[in-house]
Every structure is written in C-alpha cells, then in structure tokens.
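Note that the chains are named A, B, C and D in the order they appear, and that numbering of residues resets to 1 at the start of each chain.
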Amino acid sequence: MNAADIQELTGLVREFCEERDWDQFHNPKDLAIGISTEANELLDLFRFKSEEDMREIFASTDKKIRVEEELADTLFFVLRFAQMNNIDLKKILEDKLAKNGQKYPVEKIKGKNLKYTELD
Amino acid sequence: MNAADIQELTGLVREFCEERDWDQFHNPKDLAIGISTEANELLDLFRFKSEEDMREIFASTDKKIRVEEELADTLFFVLRFAQMNNIDLKKILEDKLAKNGQKYPVEKIKGKNLKYTELD
Amino acid sequence: MNAADIQELTGLVREFCEERDWDQFHNPKDLAIGISTEANELLDLFRFKSEEDMREIFASTDKKIRVEEELADTLFFVLRFAQMNNIDLKKILEDKLAKNGQKYPVEKIKGKNLKYTELD
Amino acid sequence: MNAADIQELTGLVREFCEERDWDQFHNPKDLAIGISTEANELLDLFRFKSEEDMREIFASTDKKIRVEEELADTLFFVLRFAQMNNIDLKKILEDKLAKNGQKYPVEKIKGKNLKYTELD
C-alpha cells in the first residue's frame, strides 16, 4: 500500500462535494445513512456466499473491482462525516483501540469470537 | 486534523487483531457485517433526531464521544477489510472519485440531491 | 389493507424458496444479511431527501412502487428468517410490545424522541 | 405458528405509537432507519459466528430470546412503515414474489446462490 495521508484523502472528498455544492445535504444523519447504505452494497456481494465463493470473487478482476468500489464508497462517507463534523480520525481510532484493548484483554479473548459482554 | 498515514493506522488495527488471533474469523463477509453493524450504531444516534437535536449532540462532550466511538469502530472495520484483502485504500478512493466525477458531472448535479440515474 | 394472515404469507415465501432449493443457503447469518441489505435499499431511496422530497416520492406512482418493492423484499426476509428458525412472529411482537411498554412508559415518553436510556 | 392477521398486528403497533404521540417523528426516512438499525442488531448476533455457533444460539433459551427480540423490533418498524404510508403488505409481497419469480425462473436458479444479474 502506498503512503496516503488521511488529510490528503479527506481533502479530495471535500473538494468533490464542495464543487457540487453538497454541504447543504450532508448533515450527520444523512452521512451516516450514506455509510450504512454503501456498507450494505458491499455486504450484498457476499450474501449467501461460501468461503469458496469468496475466494472466487477475489480471484476475478471484475468481481474484485466491484468489492473495491463499494468499499471506496463506504470510505468516502466515513471521511466526509469526519470532515463535516471536525472529527480527527487518527485520534478517535487510537482512543477507541485503547478502550477496546481494555474491553478485550489479550489473555481472555485470544482466539475467541466473543463479545466483551460474553467474557467472564 | 493531524497528519495520519493510512498505512500506519492499518498497522495498528492489524496488530490489535493479530495479538488476539482473530484472522481466522475475519473473512470478507464477516468484516463487511462489521462495517454495517458499526455504521448502524452510528446511525442509531441520529434516529428520529431533528437538525436541532443533532446540533445538541455535537455540542455535548459526552454525546459527541459516542458519535466518535461509533465512527472509529466503523473505520476500524474498513481498514481491517482492506488489510485482510490487500486493497490499497488510496488507489480505490481515487479511482472511485474519478468514476463518480463522470457519473455526477458538476454542471448537471450542482446543488442537487439526485442519484445519477435521475439525471438527464 | 386486506386481511392477510402471516402464516399464509410465510407459506408463499417458503414455497418460493423451496421450489428453488434455497434452504441450503438460508442460515440465520445470511438471512439477517438479507434483511439488512434490503432495508438499506429502502433507506437509500430517502438518502439526502427533505420532507418535501419524500412527499413527492409518495405522490409519484413509479417512485412509490420502488419504495414498496424494497419494503416487500425486506418483509420477505423477515418472514423467511422466522419460518426457517421456527419463530412465531405474532408472539414475539406481542412480547416485545409488552417489554417496550415498560421501557417507554406513556407518561414519561409522550411526545419525546428519546431512547429509554435517556429517560430519567 | 398461530393465526395472526397483519392488520391486527399493525393495529397494535399503531396504538403503541399513537399513545406516545410519535407520529411526528415517524417520517419515511426515520422509519427506514429504524428497520436498518434493528436489522443490524439482529445481524450483530451472528457476526463472526460459525454454523455451529449459530446452532448453539438457537439451542440456548436466553440467546434465542435475544434473536427474537431483535427480529420483533425489525418487524415493528416494517409494520409501522407500511401503516404510516398506507402500504398493503400482502399486496406488495404478492406482487414482488410474482416479479421475482420471473427474475429467478426455477429452471435456471434451482440450487444456485446467484443474483439474477449473474444468470445467463
């Protein structure tokens, strides 16, 4: 993966939206809808698919591009949500990892697919 | 916003998951579920909320942190999905912006909240 | 609205799926994905839309049919999920209404768009 | 499953909401958000879960109740969306099944987990 600063990508997204005068529509609720609907277009590509089907998707150039496009649309709205609401993505990710590190201590969760509410 | 390289953040996410031996659960379908479920926890914070309610959320430190945490969880799974499937987020975002630029030409879409399928 | 028994509609859905030999794909996770992805196709029709835009959608026969089709797809998977997992929709809805009636007592919640966690 | 008329269940949902004076919040966008967020709480119960994990969920009374409650919340918003927008759920489901029957002809789709766009 190439170096890619989040600020730089966010700048591209902001420019794209500002050129189109879209600030007026981009309130938090509708941007959160944007993340959810795009995430579900990504999810839809794996509906009813087996492990083998999924390997086939990533082995096919055409199908892999579909996956990448839906993931890109999801990322677009994540960056836009942060930009419109002055949220520092690096900071909140680091803070959340620190918090989740306590909810999911390595010695209790290692190799388990449990929710922290299911840990004793 | 501070400088924040996507590679660096992705490295933190990968390390978090590898320490916990979670690669075995992180197939594309379940990671896409992760993005969708976290995006919906974010969306849930705005359900039934008016524009004024939303301003109040961002004016309250406690409520803003809830928003930031759900956005961070969503970003976590976007980064993890990309890392597990060798996807270059910068490249796919730039490619998608170029494609969307053609679907939504500035002169046709400016100031409109339409789908490209609704443009003539 | 015409009389419509849930059992009868569930029978139509089951027949549709059995004719196509789809039981093998319809585990709980993938059916829950089905509900989420179809609900998000419905939600997508309202993304960035104002109250006035929404009235226009319901005033247009073509657009209203799009809404109805996505709602029908969502209901399809709700009925299918219940049928495959032996869940009595009437019973669980009545039970949940009783439980929610206690979480949201009329005298505390009337006219408010709060979560029960926000009530004092 | 007991006989359960959709009109009757819809009546219970309408009564629940009207007692709480919630019509003012229940526009189509927010009700579609309701369906999506509740569907994702259901979906979250199966995140990272294997086939065996899922059998365990349905074998545990406590965990099965969690599934039923999230499914009930999803159904609640489907019924409420239909009621607020004068949609006849029986009619739209029958219409959609007829349409899907043509998109997914038995002789082409039997035993396959494909999208109709993937059929030749």
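Keep this in mind: a residue touches a chain if its C-beta (ideal position, glycine included) is under 8 Å from a C-beta of that chain, and two chains touch if they have at least 3 such contacts.
Here the structure is a predicted model, which means the values were calculated and not measured.
**Q** Would you indicate which option in A-B, B-D or C-D repeats the interface seen between A-C, with over half of the contact pairs matching by residue number?
**A** Match found for A-C within A-B, B-D or C-D: B-D.
**Q** In terms of C-beta pairs in contact, which of A-D and B-D ranks higher?
**A** Spelling it out, more C-beta pairs touch across B-D than across the other pair.
**Q** Calculate how many whole Å lie between the centre of subunit C and the centre of subunit D, each centre taken as the average of the chain's C-alpha atoms.
**A** Distance between chain centres: 3 Å.
**Q** Taking the mean of the C-alpha atoms as each chain's centre, how many Å separate subunit B from subunit D?
**A** About 25 Å separates the centre of subunit B from that of subunit D.
**Q** For subunit A, write out the residues touching at least two other chains, lowest number first.
**A** Residues 25, 29, 33, 36, 39-40, 43, 46, 48-49, 113 of subunit A each touch two or more of the other chains.
**Q** What does subunit B use to touch subunit D in their complex?
**A** Contacts found on subunit B: 25-26, 30, 33-34, 36-37, 39-41, 43-44, 46-48.
**Q** Taking the touch rule as given, give the residues of subunit D at its contact with subunit C in the complex, in rising order.
**A** Subunit D residues touching subunit C: 1-7, 9-10, 12-13, 16, 19-22, 24-25, 27-29, 32-33, 35-36, 39-40, 42-43, 45-46, 49, 51, 54, 57-58, 67-69, 71-76, 78-79, 81-82, 85, 87-97, 99-101, 104, 106, 109-111, 113.
**Q** Flag every residue of subunit B that touches subunit C in the complex, lowest number first.
**A** My answer: residues 29, 33, 36, 40, 48-50, 53, 113.
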